[in-house]
Amino acid sequence: MSVHVQTDDFDLGAEVSKLSSDPSVGAVVSFTGIVRDAAQSGLISMELECYPGMVEQALNDIEIKARNRWDLKASVIIHRIGNLKLGEQIMMVATASPHRQDAFEAAEFLMDYLKSEAPFWKKEHFQDHAKWVDARETDLQSLKRWQD
Amino acid sequence: MSVHVQTDDFDLGAEVSKLSSDPSVGAVVSFTGIVRDAAQSGLISMELECYPGMVEQALNDIEIKARNRWDLKASVIIHRIGNLKLGEQIMMVATASPHRQDAFEAAEFLMDYLKSEAPFWKKEHFQDHAKWVDARETDLQSLKRWQD
Amino acid sequence: MKLNVLYFAWVRERIGIASESVETQAGSINELIDELCAREERYAAAFSDRSVLRAAIDQTLVPFEATLTDATEVAFFPPMTGG
Amino acid sequence: MKLNVLYFAWVRERIGIASESVETQAGSINELIDELCAREERYAAAFSDRSVLRAAIDQTLVPFEATLTDATEVAFFPPMTGG
């Protein structure tokens, strides 16, 4: 179990390798978030801001919740901050379990909590303007499915 | 979209990088299957056999089904055959989409179909005996959720 | 009709060969299995419980009732365990 | 009571500073916002719609009714958009 908030890029393959050292691990699921330009709107970069004192604790809490709920042998959350260009990796989560269903569900759970409860904010930079990304109602909906 | 059946190992990080070249891709989900010894039963290696003429077509069909159902910009399935030691990577799938929910669901769908419809068979090798892995009823259950 | 018949995993091990050419008049997968079982004990052993077997005609999964018309390749194997 | 008050994202941009020390007798987050809004237009602008804001006391998310007893750090920010 580890969480990292950093400006540096990360190596997905190396992180997943680290998670599979336990001989009972048969399944690793990873999610990678990438700076995208979905609407072909000329996005140049994405600025990632966090609340430094709060963010590690928030990510640790989310990871502990996942670990209490699924059979995880290892997991990792890495989230970058700073100015990231189109196509750069923003963040990753990965979950390792003996069972693929546990690995999948825990990864989705981590992402849903991270989207709505970890103190990060995104600002999109275009050629001639910049815009804070709005939180999405669908992300809150997604979170609710774990709370029944 | 690509499928590969090979004896060689693969590089998860490199495969995921390839999938994210489209600027609208914001989410990549990967699953990696690893030779595991869940029951601490002294497993040494896993032998992977396939039906060579059928397997590529079966994997292609599964990938097309996923692409018809979710907004995927790219995907890859790599499955190894031959004799793999404890801890080695067996296979991976990865899905790239503008939306994380599409990437997650498509990856789970690919895995469920691959488990039950792609012609691979696993044989576990121990110190003094070997045993073909039985298909699991839960894998069939998992597949059914996509068929309503 | 001449068929190329393939065996995989423990079906292959029990029958002792990976493939063979079979001259048959069987109309369906089930009839082909009946013919094979009548040949030798090792076939009867491999096919003793059809519920734990799967079959493909020309590389497409089929039920055991499927007819063999125009078939050139038939394969028998246990349920898949990939992934 | 002396509080360290932090602002993030567009809240920080509208108020124009990332943090400040605030001397206050406010009993709750809501009362603290009332005090800040009474100070200057830029605060009133930042806090004009409380439904689009979140608050944390000592690095834990809280509702705006939360009391400030024993608080040392209060943060205001828009809904999170990580991931």
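Which chain is which? They are A, B, C and D, in the order written, and residues in each are numbered from 1.
Keep in mind that, in the parts below, a contact is a pair of C-beta atoms (placed from the backbone, for glycine too) under 8 Å apart; a residue touches a chain by one contact, two chains touch by 3 or more.
This structure is a prediction, so every number in the text was calculated from the model and none was measured.
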{"item": "Other chains in touch with both subunit A and subunit D", "value": "none"}
{"item": "Least hop count linking subunit A to subunit C through chains in contact", "value": "2"}
{"item": "Intercentroid distance (Cα basis), subunit D paired with subunit C, Å", "value": "72"}
{"item": "Computed distance of Cα centres, subunit D from subunit B, in Å", "value": "48"}
{"item": "Subunit B and subunit C: spacing of chain centres that average the CA atoms, whole Å", "value": "26"}
{"item": "Centre distance in Å when subunit A and subunit B are each reduced to the mean of their C-alpha atoms", "value": "22"}
{"item": "Shared interface positions of subunit D, touching two or more other chains", "value": "83"}
{"item": "Multi-chain contact sites of subunit A, meaning residues that touch two or more partners", "value": "33, 100, 111"}
{"item": "Chains that touch, pairwise", "value": "A-B, A-D, B-C"}
{"item": "Contacting residues of subunit D [partner subunit A, same complex]", "value": "6, 8-10, 56, 59-61, 73, 75, 77-83"}
{"item": "Subunit C-facing residues of subunit B, complex", "value": "33, 49-51, 53-54, 57, 79, 90-91, 111, 114-123, 132-135"}
{"item": "Residues of subunit B touching subunit A in the complex", "value": "11-14, 16, 20-21, 23-38, 40, 86-87, 98, 100-101, 103-104, 107-108, 111, 142"}
